[in-house]
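I am attaching a structure below and will ask some questions about it afterwards.
Each chain gets a letter, A, B and C, in the order it is written, and its residues are counted from 1.
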Amino acid sequence: MNVVRRLLTAMVVVFLVAPLVVVAVVSINRNRYMDFPPEGFSLHWYAQLWNDVGWRDAITTSLLVAATSAALAVAIATPMAYVLCAYHIRLAPLLYSLGILPFMLPPVISALGALVFWNSVGHSGRVENIIVSHAIFFSTLPLITVSLAMEAMDPSLPEAAQTLGASPRTTFRTITLPLLVPSMISGYAAAFVLSLNEYIIAFMVSRFSVVTLPIKIVNDLRYGFTPTIAAVAVVFIAIATTTFALFARFGNLLRFLGADPAILERQR
Amino acid sequence: MSELRRPSRGTWAVLAFPVGMLAVFFLVPFGIMLATSFYHRIEGGFYTPAFELDSWRRLLHGVFIERTLFSIGICLLAGAVCITLAFPFTYFLTRMRRRPHVTLLVLIMSALALSEVIVGFAWSVLLGRAAGISNILVWLGLMDEPAAYQPSFLAVLIGLCYIAFPYCVLTLYPQLTRLDPELTEAAQTMGASPWKTFWTVVVPIGRPIIVAGFLLAFVFTLGSYLIPAFLGRPEHWTLSVFISDQATFNANVPFAAAMALFLTVLSLGVVGLVTWIEGRTRG
Amino acid sequence: MDVRARGSLRLEGLVKRFGDVEAVAGVTLDLPAGKLISFLGPSGCGKTTTLRMIAGLERPTEGRIYLDGEDITDRPPHLRDIGMVFQTLALFPHLTVAGNIGYGLRIRGVPKTEIDRRVNELLALVSLQGLGDRRISQLSGGQRQRVATARALALEPRLFLLDEPLSALDANLREQLQVELRLLQQKLGITTIMVTHDQREAMTMSDLVVVMNQGRIEQVGEPLEVYRRPETAFVASFIGRTNLLRGEAADGVVRVAGRPFDVVGPVVAGPVTISVRPEDAHLHTTQTPERNALPGRVVFVRDLGELFECYVDCGMDEPVVVAGSPRERVHVEQGQPVGVSFPREACVVVEG
């Protein structure tokens, strides 16, 4: 059993890490063309990311889209999660499903929906379209994190505030909201990272006129590999890993992923 | 129900923004998409309002049926491979000490967050002729000259497994952490080996979540666009690729809309099945 | 106004239904100002729901609530002038000790220096001087309880409500804090309503005990009076332990298992239930008296050192329990035939 466990774990780690290692190795290759083993070491392709106007624009566009769409996603999800958990509403399961649905369905469906929507509104190919579509698609993530925080919160806390003279509004501002902030941040981080990486919705909504980083990568790949693409990939991997490592360090990653709280005690 | 939980007029006002956003930017587009599927397509990229069943009729044609069956087949296969590996892996993971546990979770989450663009690119490098597995084998003297393993069916399958595996782990994770360790300990005190315990206690208890995880992985891979597009030839394209190809390069939006609605029904059906399974095991 | 005159409460026909379930089924009660009143009963008896209606956290389905003669039934909790300690304590985890205690003052816009002064006063009141800057997570269970108490008293409310305030603590600390809380309440003279399922706690702390069962009041009275003169079989067995002897009354004479019993209180013809506390019963190893006694056989002996108990099968549904201090210990063995006598003053006729 022990052998099987080690073997399986090792296999999974190799499977998950191998392509990333290859990409990392390619990214520091001095040669213009990809080859293996690499010949010489160079960070030239990383500098290219910032020096080349095309890449720089794609990066700034992607960061803008990710930052604003994640904020909008949190703004959509937080009041929804709060009301659905704090109040007794008959429609709650239905509304919650509505919030989960976009993310559950294949993204191409949201992508096509957004495409026909912006076409019929006569406002297509704008960066704000991507922002809104991403916000809707990824609002599921903060919806889940904030809902979990609401469920974990002692219902006596707002009641205690009220017996101390706080109106419902004051209670929300001074008690509930401050306690939800960590879950809003983790929801934001998750939406941010996924938006940064999202291709198909951005591609179909942009109608070739807005170029995000994933779109730029795909476009360039049509003309063949370059180590610059590998460099981008490495940056992406670094961002994602750092985000989740920080999450694990400062937030409660295990709880966020739905672990039984008891497990946290067991493993101390 | 507590007095504080009774919704007031203010409560509905607070709900108005999120529900409004979801309605305008998700439900309305859905409605438009439904309408568009009945529109008349004009050769060259446009469509005009009409009511015709042409696009829906095309769903009965050979190409579409072939794509559908292929998509379902390869995604079922990917889901099966993933769940077979992910279930024991996740079970071991939940029983690890804290440090490797968190480290592996960070790895899993990072892999899940990776853009399909990057996954597709990385595997095309790894399976390619220029800087991939074959080059390592040549370098080690195990092969004479490098070979390309993509585009191919196997490459698509590996790519789909790569994106679905972390997803599978995360769907299994909450339930498996709740599996009482005393259950397996009890089985072992009764003389069952760890293997026997795994097969006679853990797997039977986990059966509903295995089925649920498998189906969710299936829906997830069904949504993949870039993996089949990158690592496969056109005959390896799944519905997602086919739909976006129709909508963008072929400019046949009504047909794409009809296919997207079909895909919605298919996905919702599977998700509904999962919910039913979960509801049944809980009740 | 004199502080002792504030905080008299009147509950009038309170009913609370949750769907088909009637949690509180008509409670009418006058609670005097300045006293500590305990609502005592098993879980689900409606005591917490009643307290929450007084706090305004639940709206009564029927009935009115008057505070100092004023109808407050429809007033939301934040306008009721109450302080409450919750079962979970409900301390705000994102605020410090001082932040928690001063919360009510801060949201009222009291100047900072005034808040600091008052918080220090309250910290001293609950013996937590110098801990104002601590985070809640750094406190022990007993300290948390004190912070919750100080926070509830910060606004000098008319009513002090306690919902199982000590249930999170272990037994020793619990007994200690029961005394502390009671002394604090007496010092402040604040009308206090406490919900508890622990009869020892209720007996230790209260001026008045309200025993509830299935949404109704079973008995109201001073703790010892309720213990000595239970009105119903439920009260008798919930407050302390008791022996219930089922018998029959005819022609003014009560008979249990055919033997005559003299009892306290009036007797009506028909089935009669008599409650006798274990410590009031006596063991006889030689001869069983004619009146107020039953013959039996020893089933089990529990000798705890500080307490001696003997279980005797007298042909009732349950064994009769005889308890006494070690000094009165009688040497008996399992299976030995004995007699148990029940003095007249200890035989209380109860309902049910």
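In this section, contacts are C-beta pairs under 8 Å (C-beta built on N, C-alpha and C of every residue); 3 or more make two chains touch, one makes a residue touch a chain.
This structure is a prediction, so every number in the text was calculated from the model and none was measured.
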Comparison of A-C and A-B (more C-beta pairs in contact): A-B
Chain with minimal offset from the mean of all protein Cα atoms: A
Separation of mean Cα positions, chain C and chain B [Å, integer]: 58
Separation of chain A from chain B, taking each centre as the mean of its C-alpha atoms, in whole Å: 16
For chain A paired with chain C, centre-to-centre distance based on mean C-alpha positions, whole Å: 54
Shared-contact residues (touching 2 or more other chains) in chain B: 1-2, 4
Chain A, residues touching no fewer than two other chains: 159, 162, 168
For chain C, residues contacting two or more additional chains: 56-57, 77
Complex contact set, residues of chain A against chain C: 154, 156-157, 159-168, 170, 174-175, 178-179
Interface residues, chain B side, partner chain A - complex: 1-2, 4-7, 10-11, 14-15, 17-19, 21-22, 25-30, 32-33, 36, 85, 88-89, 92-94, 96-98, 101-102, 104-111, 113-119, 121-123, 125-126, 130-132, 135-136, 139, 162, 165-166, 170, 173-174, 177-178, 181, 193-195, 198, 219, 222-223, 225-226, 230, 239-240, 243-244, 247-248, 253, 256-257, 260, 263-264, 267-268, 271
Parts of chain A lying in touch with chain B, wherever the complex brings them together: 1, 4-5, 8-9, 11-13, 15-20, 22-23, 25-26, 29, 33-38, 75-77, 79-80, 82-83, 86-89, 95, 98-99, 101-102, 104-117, 119-120, 132-133, 135-136, 139, 155, 158-159, 162, 168, 190, 193-194, 196-200, 203-204, 214, 217-218, 221, 225, 229-230, 232-233, 236-237, 240-241, 243-245, 247-248, 253-254, 257-260, 263, 266-268
Footprint of chain A on chain C - complex, ascending: 55-57, 76-80, 82-84, 86-90, 92-94, 103-104, 107-108, 151-152, 154-155, 161
